[in-house]
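You will see chain A twice below: alongside chain B first, and alongside chain C after that.
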Partner chain A sequence: MRDGEARENRRPSDDPMRRPRAIHGRAPDVFRLGAWVPMRQFGEDEEVDFAIVGTGAGGGTLACKLAEAGFSVVAFDAGPYWRPLEDFASDETAQSKLYWTDERIVDGENPLQLGSNNSGKSVGGSTVHFAMVSLRFRPEWFKSRTLLGYGADWPLDWREMWTYYEEVEQALKIAGPITYPWGPKRPRYPYRAHELNAAAKVLARGAEALGISWTETPLATISAPRGASPPCVYRGFCTLGCSTNAKQSVLITWLPRALHAGAEIRDLAMVGQIETNGADRVTGVHYHRDCEWHFQRAKNVVVAGYAIETPRLLLMSATSRFPDGLANSSGLVGKNLMVQGNQAVWGIMDDEIRSYKGPPSLAITEHWNYEDKGKDFHGGYAYMSQGPLPVLWARTLAGSRGLWGEALLNEMQRYNHSVGLKVVSEYMPQERNRVTLTDEKDQYGLPIPRVTYSWCDNDKRMNRHALAFMRRALEAAGAREIWDQEDDTCHLNGTARMGFDPRTSVVDGDCRSWDIPNLWICDGSVFPTVGGVNPSLTIQAIACRTADRIKALAARGDLEVRSKDRQLV
Partner chain B sequence: MSREVVTSGKQIGEDQVGLGIIAAMAALALAAVLARKQKYRRLAQSSGTVTAARRLNRAAGTLAFSVLFDSAIEHYRGSFHNKAMYTPLVVSSLALAVSAHGVNDERSEMHRLRDAIYVAAAVIGAIGTGFHIYNVAKGPGGINWQSVFYGAPLGAPAAIALSGLLGAAAERIRDSDPHRPRVFGLPAGRLAAAIASLGLLGTTGEASLLHFRGAFHNPFMFLPVTLPPVSAALLAETALGKQHRSRWFTRWWLRLTTAMGFVGVCFHAYGVHRNMGGWRNWRQNVLNGPPLPAPPSFAGLALAGLAALTLVEDRPDA
Partner chain C sequence: MRDLYPGYDVLAKRHTPSWNEQTREVIDRRLTIARSDHRFFTEEEWATLCAICERIVPQRAEKQGFVPVAALVDNKLHTDDREGYRDAHLPKMQEAWRRGIAALNDEAQARCGAPFHELAGAEQDELLSAAACGELKCAGWKGMPSDAFFHRRVLSDVVSAYYSHPTAWNEIGWGGPASPRGYVRMDFNRRDAWEAAEAYPGHEEQARQENLRAGR
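What follows is the complex of A and B.
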């Protein structure tokens, strides 16, 4: 590295939101101030093995695994390539730069609030600001239609997923409890659980009082040193970008590995269309970077833009041969959008809580994910302790509780005594919840997506159950003046579900499009059901599995053409 | 550190292996130095009990030193929110002071004040252990991994109790018949060996727990959970086994354990460096990182073991 160059790039003019950083054969070294790591680069005429659209939990993980398997990989992301040590201020408002806040139209009976809880526009995707909660699915959820009577079965076996969960937990050095109270035995988490903060102890006390199990939440932030990552300093800005690199996001785990293995990452590169040829194969992607459109040739395209951008790109890539969009012979692209419930109960404790200290969700109970009796609804939920930072807390009090003026000021005075429990619950897949295209255009000249969302009766019953139960738990822990926050949701899944049949799903269990054999989808879009846990660990596990399947298919020459017998599986 | 190490999940780079080899060589060198001096210190029959007692004073002082600085740092971190948290600072300071006095005292009789302070340290250490057990048990869920990882460490007050116990034994050995030293009516050398053995086991338990909490992320973290238990076993054999003129393996292993106790400070200093901001941020990281004064408690106990060993080797009836 030349000194002058490094200094030049450290100047404020190095604005990662305006100028790409991953250029000239190098990418930012996320672990060192102003440093770079070498990056292989591919020509646009060079037909790479895989063009991956998105570098989050799905795309970033897959880029790493495919590059390590020897494939040539270019991964595109519309967001900037952040340097966590330099770009992540302790400022809630400034850090909203991590969210995908491009224009979108939301409607339905319960329009979604898009941004912090469900999207990211960064290299590394929303894992750059996710809450690090790393949970496994309950095994029965992979067969929820057959075993539990709702939703749809997954074409994946839970035992196989158990091995991929372990791979991801090791890759992220998840800090979790010694024994997990629910579900089949799992291997020991690589790192030990973090110390509980006072807010987590409130959850624990409530659970003890109600006689249900609780545990430390398995988190993707390390509790002991790891390589260039120092252990968590409990700064509390976890959902706004970790400035110490304790958080094991895709940006600092899979992507450095991907670069080392020879993958190229193109930041500030918005893919607007997938090109197809007369043989109904994809041939590459059109992407917007540095104020102009480019085309990258590729033998395979993987779409990993999460549950809004993925169907949007497939729909935008419609041709005369695929008038309804790519991979959409089932008509299901964009349908079955699933979010998760994120309601909360909040109260006041006599003792100081200071819930903003440390990771926000240090304690959890999955009781209602694994207990099927006593429910008037399908699905399950987990709830966790919470640690809202001041601006978010003020917004919650104003938006959800209707406080303003002096009342809001007075309530903010009690910030240090506020405590809450927040749910992650399993909403049902419904075809009416969907992503479609509008006629309006965004800054790239691409059609703005419309996101339509409504709760079904089952979702509403679950909301009521969760709020009532969490209220009891908070009361039992000694909180008073308890109130319900009824409006919040989180995460995005569905819209390109995997399945057993081309007529009722978009991709097969290998995340491969039924219609176009060299088109893949690898993110939360492929979920047929969401489960009652945060989805990131499952998305990464699916990406690891997909990489292994692609390796196996390539080894037997099935990557170009889908063999007939595979369709019968 | 190379980029592969950063991201592959491997915890050890060439630099760390190099550091380990240097540390091991330093430990061997220290052990050799101790061994060479040992020849000149071979006990003359007359002053044997005094020398043994002074060595036990030295061991008790090393432990007190470890407790003083460890409790100072940890209780400062806990903001001394309970006034009782000043107690170990006072007690271990006094134990350190009287130990220094004892090391330089060549008289062959018990010193009343020293003895009183040592006995008080033993009693207060036991009470402190009770406090720490209460602290651990009062959290939600009672005693579980979370509370033993992050509650008050159970072994820390026990260390000052051990210091007091070794010191009290030292005072009684001074008072004993040099040809047949007895403490509480038991053979002095064997009793001291037994105390050191149990102390090493307890300290190993503490190190195991905290290194497990750190997920043994650095393989050198296995050293204090593998070397000391062997020392404990060898000392137990010394306490209970037949009389031998020379237990050279036990002696060398105890020297190794002593060296490990001191070199451990360097490893912990490296551990502090691996926290956010490293040593530049020492005011936070000395509190957050691995405790710098903790490893010498192994040295203190191993030194006590060496003193006991010499007594047993030199006096068939000790």
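What follows is the complex of A and C.
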């Protein structure tokens, strides 16, 4: 690491939240202070092969892969182009600048808590502040309807996905265990697993006491040097942005590659509408940048804004020919929104834990993802060790446990002895959980979304199972005064599901919309089910596969029109 | 609350490798906010807010340092720094606070014949607890549920403000900012020299000595 340099107190003079950085034929060099890398730029009248909306796990990965395949690509992001080494402070409050904080209305029986824990507004998307947990799906989940009796089947084959998972794990140099305890054989992880902190060892103890397997969590932060990235220094601010570049986010992995391959990235560029013509093809995107609306022509448009902004943009782009929004002949755009359960159990140890050190989730068990016996619900869950920083921890104690006054201050003083286990669980797709538009307008003059969420009985049964099991594990590990945090959820998926049939899905297995052949959706929105693991590795694997499919379709002349036989796939 | 980490001061690490320039900048800015600063709330609202904050995160006179928590909340409202989602039952953040404070005062007048900030602590707690349960329903709420206001606005905003301050970090023995230097010792009961030492009974002085070294 350029330590001396980093301590030279250089601060950028520009404000990336106000003025775009990727202009004048160059983009920020995320690895070097104040430096730039060359960037190809396209004219707005130039009809580029692909206009991609969003540069996160889906859009950023796809931009890289398409540019490397020789397509002309412009990728738009509403968020700023950060220089992590210079722009990221070690501070929970200041770093909320990474979150998507444009207004959203939440309702339903279990209104979601969005903001920090759900989505980012940055070049690189939510991966700039994600927790780096990088897991593969259980193979059966791709056919959960047929094999497990719930949800919907994916039009993807797990064996094919297994090769794309490997590609992503290599691209991000995932640090993980030598052998993974669950599922079919997978190659050893590219980088060695990270050392465990005390919170992770509590998970391990509990699992061993209950006789189930656990392992070091595969993480997208490196355990040894890699190019310009130094190894993780265990500072524990991962969900507030990594200021050292150890974290292998989209911002510092796929996007530098994309730029190198000739893609253009437009930061602070909010796409407000996708244009369609009389022939029912998309022709480009209207976007807001530098206080003005612009139009970029494109042969294809890919929407990759994550599971709230993607359906929002499709709905906002309604025309007289598509009165219910684009790609919505099935009526499913915005429906089947799936978050994941994020309940936790917390307790106190006599030992000092100090879980603020290191990435928050260093140990994991996927036992209940792979074991179906003894469940009174469909689906599965993983649980991980945790490392909340003070503001988040205080909000948890106040919000979920109702503490305030002296009771809160006293409990906060046990911060260094607190320890917890937190679940990522598989909620069911339900059409009533959805994203719609309201009449209220945001700062761009666009209708703000309403996000409606309610648990079904299966979700509630799973919550209960997970809380009860984790409580036993935490107890077995020696914690006392255990309490349940019942209300938290994380991640966003669904709302533009992929499938086999235009009547029951929005896109096909290639992420291509059934209704408009040159409109694609490539992000967390396309999941028909969520599984019991964090989604980003799967989103990136799908993006890699989509790029390969686009190459294949282009090679046989099928990009412009959807050939008849493809509908029968 | 106890003096659990005697002598520990996160700010003593300001010039160590645990802090970088961008962190110094944002914390310095926060520290310039003084106890009486307010730009969003009117004088009357301000008195109510200060009283609410004192109940949610009480600060005893004898404790070391003071967190200007009401001023931090005011600053958040003045800059309209929102968190990106809003319970469908609540108006926008600024409007929710103005309405909620006015309604709490109406309730205080109706129940005790005085504005909220003039009530005794126990009476204030009673009102806040009633708000937390959604029991307050006077006309001043204009349909806003008092429980949503209490949980989503009062608790969330006040508690976040308090624990964004270095004085609060000292109280709980958190390591604080950590970049470029992170941590090395991660096991049970292990502590880097730049982390806070807890005062176990009978070992307070030892903890104090170690804490004075955290910033070296």
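FYI, the second predicted complex is superposed on the first by the 556 of 569 C-alpha atoms of A that agree within 3 Å, B and C clash if a C-alpha of one lies under 4 Å from a C-alpha of the other, contacts with A are read in each partner's own complex, and residues count from 1 in each chain.
Throughout what follows, a residue touches a chain if its C-beta (ideal position, glycine included) is under 8 Å from a C-beta of that chain, and two chains touch if they have at least 3 such contacts.
Just so it is clear, the model here is predicted, and its values are computed rather than measured.
Q: I'd like to know which partner A:A204 touches here: chain B for first, chain C for second, both or neither.
A: first
Q: Taking the superposition on A as described, I'd like to know which of chain B and chain C A:E195 touches: first, second, both or neither.
A: both
Q: Quick one: name whichever of chain B and chain C touches more residues of chain A.
A: Of the two chains, more chain A residues are contacted by C.
Q: First (chain B), second (chain C), both or neither: which does A:A298 touch?
A: Neither partner.
Q: Per the contact definition in the header, classify A:P225: touching chain B only (first), chain C only (second), both, or neither.
A: first
Q: With the two complexes superposed on chain A, say which partner A:A466 touches: chain B (first), chain C (second), both, or neither.
A: A:A466 sits against neither chain B nor chain C.
Q: Mind working out whether A:V233 is in touch with chain B, chain C, both or neither, as first, second, both or neither?
A: Both: A:V233 reaches chain B and chain C.
Q: Could you look at A:V168 and tell me whether it touches chain B, chain C, both or neither (first, second, both, neither)?
A: Neither partner.
Q: If you stack the two complexes on chain A, which partner ends up touching A:T244: first (chain B), second (chain C), both, or neither?
A: In the superposed model, A:T244 contacts both chain B and chain C.
Q: In the overlaid three-chain picture, which partner chain does A:L492 touch, first (chain B) or second (chain C), both, or neither?
A: Neither: A:L492 stays clear of chain B and chain C.
Q: Chain A residues touched by both chain B and chain C?
A: In chain A, residues 195-196, 201, 233, 244 are touched by chain B and also by chain C.
Q: Where on chain B is chain A touching in the complex?
A: Residue positions touching the partner: 1, 3-11, 139-141, 145-146, 149-150, 212-215, 217-218, 271, 274-277, 284, 288.
Q: What does chain A use to touch chain C in their complex?
A: Against chain C, chain A makes touches at 1, 3, 6-7, 9-11, 86-94, 96, 99-107, 111-116, 195-198, 201, 232-237, 243-244, 351-354, 356-358, 389-391, 393-395, 398-399, 402, 404-406, 408-410, 412-413, 415-416, 450-451.
Q: Enumerate the contact residues on chain A facing chain B in the complex.
A: 29, 31, 37, 170-171, 173, 177-178, 190-193, 195-196, 201, 204-205, 208, 214, 216, 223-231, 233, 244, 246, 252-253, 256-257, 260
Q: In the complex formed with chain A, which residues of chain C make contact?
A: Answer in residue numbers: 1-2, 4, 17-23, 25-27, 30, 55-58, 81-88, 92, 125, 128, 132, 151, 155-156, 159-160, 162-164, 168-169, 171-184, 186-191, 195-196, 198.
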